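Per-chain numbering from 1; labels A, B, C and D assigned in written order.
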Amino acid sequence: MISTTTLFGLSSVILVGLGLFGLIVNPQPLRKILAFNLLGSGVFLLFGVIARRGAGAGLNSDPVPQALVITGLVVAFAATALAVALLLRLFQETGQAITLDTEDPSIHAPARSNDP
Amino acid sequence: MISAEMLLLISFATPVALLLACGWRMVRERMPTLFAFAPLPALATALWAVNRPPWVFNEARLHITFVLDMPGAILLGVAALLWSAAGLYASTYLRGHPNLGRFSIYWLLTLTGSLGVFVAADLFTFYLTFALLSLAAYGLVVFDGTPRARRAGIIYLVLALLGEIFLLMGFVLLASAIPGDSLAIRDALATLPTSPWRDPTVALLIAGFGLKMGLVPLHVWLPIAHPAAPMPASAVLSGAIIKAGVIGLIRFLPFDVPLPDWGVALTAVGLLTAFYSVVIGITQPNPKTVLAYSSVSQMGVVAAVLGMGLAAGQSNAVMAATFYSAHHLLAKGALFLAVGVVAATGPRRLWWVLVPAAILALGIGGLPLTGGALAKLAVKPVLGDGRVELLATLSAIGTTLLMLHFLHRLAASASPDPSASAPIGFALSWMLMFVAAIGVPWTLYGVTGIGVYDDVLQPKILWAALWPILIGAGLALGLWRWGRYLPPIPEGDIVVVGQPALRVVVRCEDALERVEGGLRQWPVAGLFMLLLILILGGVMFHGY
Amino acid sequence: MMQDPSNLLVLALVLPVAGLLLALVVGGRYAGRIALWLMPVGLAIAVMLVVSVIRADDALVYDLGGWMPPLGVALRADGLSAIFILTTVAVIGATGIFARTEFRTLPGQPETRTSLTFWALLLALWGALNLVFLSNDLFSLFVALELLTFSAIPLVCLDGRAGTLAAGLRYLLFALFGSVLYLLGAVLLYGAYGTLDIGLLSGLVRPEPVAWGAAALMTVGLMAKTALFPLHFWLPPAHAGAPAAASAVLSALVIKASLFLIVRLWFDAMPALMNPTAAQVLATLGAAAILFGSVLALRQARLKLLIAYSTVAQIGYLFLIFPLIVRPESGSFAAADLYTELAATVVSTSAWSGGVLQAVSHAFAKAAMFMAAGLIAQSLGHDRIADLSSIGRALPITVLAFALAGMSLMGLPPSGGFAAKWLLLTATIETGQWWWALVILGGGLLTGGYLFRVLAPALFGSRQSVTLRAPVARYREVVVLALALCSVLLGFVRLGAFDLVQIGRLAKAGMGLP
Amino acid sequence: MTLALAVDIGLTLLVLAVACWTLAVRDTFTSVIGFVAYGLLLALIWVRLAAPDVALTEAAMGSGLTGLLLLGAAARLQNAKNISAPPGLALRWVAGVLCALVSAGLAAMVLLLPDPAPTLAPAVVAHLPATGLGNPVTGVLLAYRAIDTLLEAVVLLPALLGVWSLAADRDWGGAPRLRYHRPDGALTLLAQVLPPFGIIVGIYLCWNGADQPGGAFQGGAVLAAMWALILTAGLAEAPPVSRRWLRWLLVAGSAVFLVIGLAGIGFADAFLAYPAGYAKPLILTIELVLTLSIAVALGLLIAGPPTRTPS
């Protein structure tokens, strides 16, 4: 009989796979950011499963991974916010939804001085 | 009484101080006038050291070790002499030149390395000075800024770096064989014969130093780079700098333990070089190129001498090769200066340049009573009586032919203005070198105990030196008569194979660039990330 | 407070963080001044740290909050950490002086954008680096890596051009990709061993599937952040597009942080997993990095891109140390005699010292090169390599600094790069892996090639006069020269001083290796 | 099969289905909505994993704040010309296979995790009395691993500075503006009704975090979400980034934490240690200030870079 932790553990692993797939294959930056969040949630879920497996001493779940997941969620949010801000600024600058899959050729063109 | 430490210190402090002074524009503009004096402390050091037991200077904090022994001191002394004379020449040559600051920096850098390499006593110091002279000399080769000089510079640099690579690996192998932390050349030599990496070490060392000496087939850069440099730089390049390879072989090969295979191989390469470069040299119209090929040929003879010594475990080969090289250094340096003097001299005054030049040129072939004859005499015992000796004699014929061809081309390169005469600086330095090239070998020959003067004057020996000259002269007549039928061969001969090789390299680079362009795609990089996870995980799984 | 040298670990961590908070409060007008005042203090702390580690001849450990691992988090400074902390403060300090007037609010003007963000982010970056070098806990290290990423990426896009924004976004997303993989590995380790402390893990990790998986995930995740070939695609545009001062820090330090963690993982956290074949895989990637990075550097039209690709190549050298530390012929370990086998596996210290020296001298050299390129770009208004003829006439100190730094990259004596190359070559001989020697030597030739493309016209160009669009402040040139000289003079550091590298190494301390 | 397990399986399938749909759906806006739903379902899973603190954070941050952020971005990017083509079929297949392989490997590792699982729960419980706290998660966050929490609060600052640094030079000193389009009635209503409750919940979460599920991050996230809602609806303006009080608010949490931590060196012989008997009040102080700072930082992260151009 499959246990709850195994079930959620396996689903977390599938979420990781889905997140990886989306991050690699989807060309739109916003969808990549979304896939990154999916991937991250899969990793956090796995940590939650590990916490649950470590129940003991009167606790239903090991609190250390829980605390770490909370911290991790904040980091992931900050990362998402930074990425979204960059993406929107880039959109504002170029006026089109750029792709990250291939490089902007202008970077290889001689640039104006970087120093003001 | 100045101590040896002080002398040695001043020898290197002088060029370094001048180099630092180049940071100041006022001094930099006047620096060439000081060129002639920069090597003089080193000359004094060499004079101090001649005929004394080896003396070691160790500065442990900076890993700098020097040794003053006979071979090092002799080469240091004659090299300092050439640097001084060429410096005098350069100060006139550069007058009013817009880039003379640049020249000064590279001249002094090369000078420091060139003098240091003769006295370096540990692997680090040797590699440091060797690399310094190799790379700084690039600045001299390309100084003219012409496309020809720049091409020469690239070829020079590629091969010089290749040589550095051979040496670095060889040195690491040497150091790895030394028990403990020592980097002293003496300790390296002591362990080399029993080192587990003996053969690769010796091969790498011969390749690295042979490249600097111009041994075939690693000689290609030399006939291209030496003529491309300005006249005084050509003189030191062909005279002093290639001797870094000679001192390298002297310092790093174990001459008291016979290594027959390597000895024979080195001799064979040396003799091949000696003949090959004569054959190519006689097709060259430019007197400087002819001289460069002659340098290659002469270094071949030195390599043959060292090879015979290595094969038989004869340590007297060291002094013989040193003396031979010292003579070549002076004579070749002088002849390069002569090319410059002749180019500035009209036909009317030409004879007083051409006659001494002829004496020096034929001296390289072994003309009796010249330093060259002494040099040939000095190496004779090492070469023995067999086939090698015969081949060496034949190479003297070749050298004579090559040097007569040089004189021919030299005379043709005189200034078209009949009354032109070389500036006093040119003439003075040339006369100085001429005197040195005649006088110094004679002095050294007796003083250092390489031979006794009485031997030199025996008729049998005089004749033995003379007949190859005569045959060479006969061949030279033939060359003048039928020389035009010789095929034109570019400078650096086999360098032409570099062209298709270069195309292949460029094509490979194109391919790499295309592949990298593909890898810069996000999805591809992402896939590689997953692939690497699987590979690393799999490899670890498989490992147990 | 100073009696206990382990307080230095806390200070090294708190100083930049406090600086960041302070800078944010006082604003752009004083942020730069705060950073510049804190840097000498940081330098003093770093020097004291090095001295303390040498004097203690062991790692300094600090249990934060008085809680011992596995419950708490420990800071730990061994010789390796101390060296990197010192290098970091030196490079960041030089960057600070270099950028002193570039990012500032003029008196009487309202606060400008870069005058706050540049300095605050530089301080955050410094704190993140110190944390990476000090933390002994895999999760704190994750936070440190993220802190590093968040402070590095805005620095890339400081000029706000579309090109650098795109480069920054690619960098950010790929770095996050790497972080998640790293975190996944750490999670698995916690699941298997119930701790995230490196010291405890080193005794617990056994060769088993979960550990292999974790090691693979974490290594690859960190490789992506280090930009090891073929995961390097984000680096050239990001490092080339950033302002010179930022590029210097990014190329010199930021990528080394994740590399440092790989080393920590392999040799400290999971020594039992040290696998010769996996080490060969890493080094093969390193060799490919050297080849591709150098060839691409040869073909760039812009100076900063050339330098960025040179970083890609130089990272490769650092990955060559793995097989030189893990000997190939030592086969599988039986669990029983694991530690004796391990003792035989860890060979001479040459590779360690060589690797560290390579990392440190590259840090100084690359910082100098990016700053020199920045000065050239500033004074010419462009950084096209084809138009750098005779620039040495106009900017002699800058070009000299570039040449000296290049000397170190090429491994010419007496530079730090030479000493590093020497040690690495020695290690290849000692471990009988001559093929890596060929890679090291060939890479040197290629390095010479791409530097030649810059230096030959710069030093030997035929132009008689070069007109500069903007003058270059002398003190900035001097900073660049000082960095380049550091990387050259490292070669004179008595190699024995790099015994410091060995102090407090877990694999050594815990396993009683000679 | 027990009912609980059946519920778990149903929940899992639902989460996986929503996740797949989120990835597969063509329209980005729809995809983000899917992600928000996914986050809420995930919070349920966290409850099932006996991790209410994480469930709260996931709901507030993972689903709420992230959703708000992504929705805003998707709305702005909706009119963008899409010039990016997806990679070729072969590449997608390879990616799919590799992802599946990685997942399979991970699944094997999950199944191979040791039993009984190593855990720090006993250690956490054993030392909890020393901190005076009732919630073990808060104990980990603010005592045992206080450094992570401190750094976490600090990490928000460079991220925020990073977002701010994306402003144009001329916009520096202006205020962030969140309104993407004309707010509709529903949003305004929501923004009028929800915040009073949200703020109470946020403060409660923070205050109660010492003993019950909740804490600074959760409380801060809820407060930030409320603020962001108000800003989005256009009911209030964000303050200009150059305001000194705003900067103080941002750093206050980390600064107080840092100062108390440093005081620990003198009074409790370690950085980030609390003197015996004072642990709980100090932790509560830190949490309170931290909640405020985190709320401001998170809210500003959503609000984006400053601007001066009128709407």
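Observations on the model:
Following the convention adopted for this analysis, a residue touches a chain if its C-beta (ideal position, glycine included) is under 8 Å from a C-beta of that chain, and two chains touch if they have at least 3 such contacts.
These numbers were taken from a predicted model, which means no experiment stands behind them.
Compared on C-beta pairs in contact, B-C and B-D come out with B-C as the pair having more. Overall, the chain located most centrally, as judged by its C-alpha mean against the mean of all protein C-alpha atoms, is C. One simple way to say how far apart two chains are is to compare their mean CA positions; for chain B and chain C this gives 41 Å.
With each centre defined as the average position of its C-alpha atoms, the distance from chain B to chain D rounds to 71 Å. Inter-chain spacing, taken between the CA centroids of chain A and chain B, is 63 Å. If you average the Cα atoms of chain C and of chain D, the two centres end up 31 Å apart.
In chain A, the residues that reach two or more other chains under the touch definition are 16, 20, 23-25, 33, 46, 50, 53-54, 64, 68, 71, 75, 78-79, 82, 86-87, 89, 98, 100-101, 103.
In chain D, the positions touching at least two other chains are 87, 91, 95, 99, 102, 105-106, 113, 117-120, 124, 144-145, 148, 152, 155, 159, 162, 166.
Among the residues of chain C, those touching two or more other chains are numbered 71, 139, 143, 146, 150, 153-154, 157, 160, 165, 170, 177, 184, 188, 191, 194, 209, 213, 233.
A complete topology is adopted by the chain contact network, contact being made between every pair of chains. Here chain A touches chain C in the complex through residues 16, 19, 23, 29, 32-33, 36, 39-40, 43, 46-47, 50, 53-54, 64-65, 68, 71-72, 75, 78-79, 82-83, 86-87, 89-90, 93-94, 98, 100, 103-104, 106-108, 110-116, going by the rule given at the top. The touching residues of chain B, counted against chain A in their complex, run 520-523, 526-527, 530. Interface residues of chain C facing chain A in the complex, by the touch rule stated above, are 71, 102, 139, 142-143, 146, 149-150, 153-154, 157, 159-170, 172-173, 176-177, 180, 183-184, 187-188, 190-191, 194, 233, 237, 240-244, 300-302, 304-305, 374, 377-378, 380-384, 470.
The residues of chain D lying in touch with chain A in their complex are 1, 4-5, 8-9, 12, 15-16, 19-20, 22-23, 28, 31-32, 35, 38-39, 42, 45-46, 48-51, 53-54, 57-58, 61-62, 65-66, 69-70, 72-74, 76-77, 80-87, 91-92, 95-96, 99-100, 102-103, 106-107, 110-111, 113, 115, 117-122, 124-126, 136-137, 139-141, 144-145, 148-149, 152, 155-156, 159-160, 162-163, 166, 215, 217-218, 294, 298, 301-302, 304-305. Chain contact summary for the complex, chain A toward chain B: residues 20, 23-25, 100-103.
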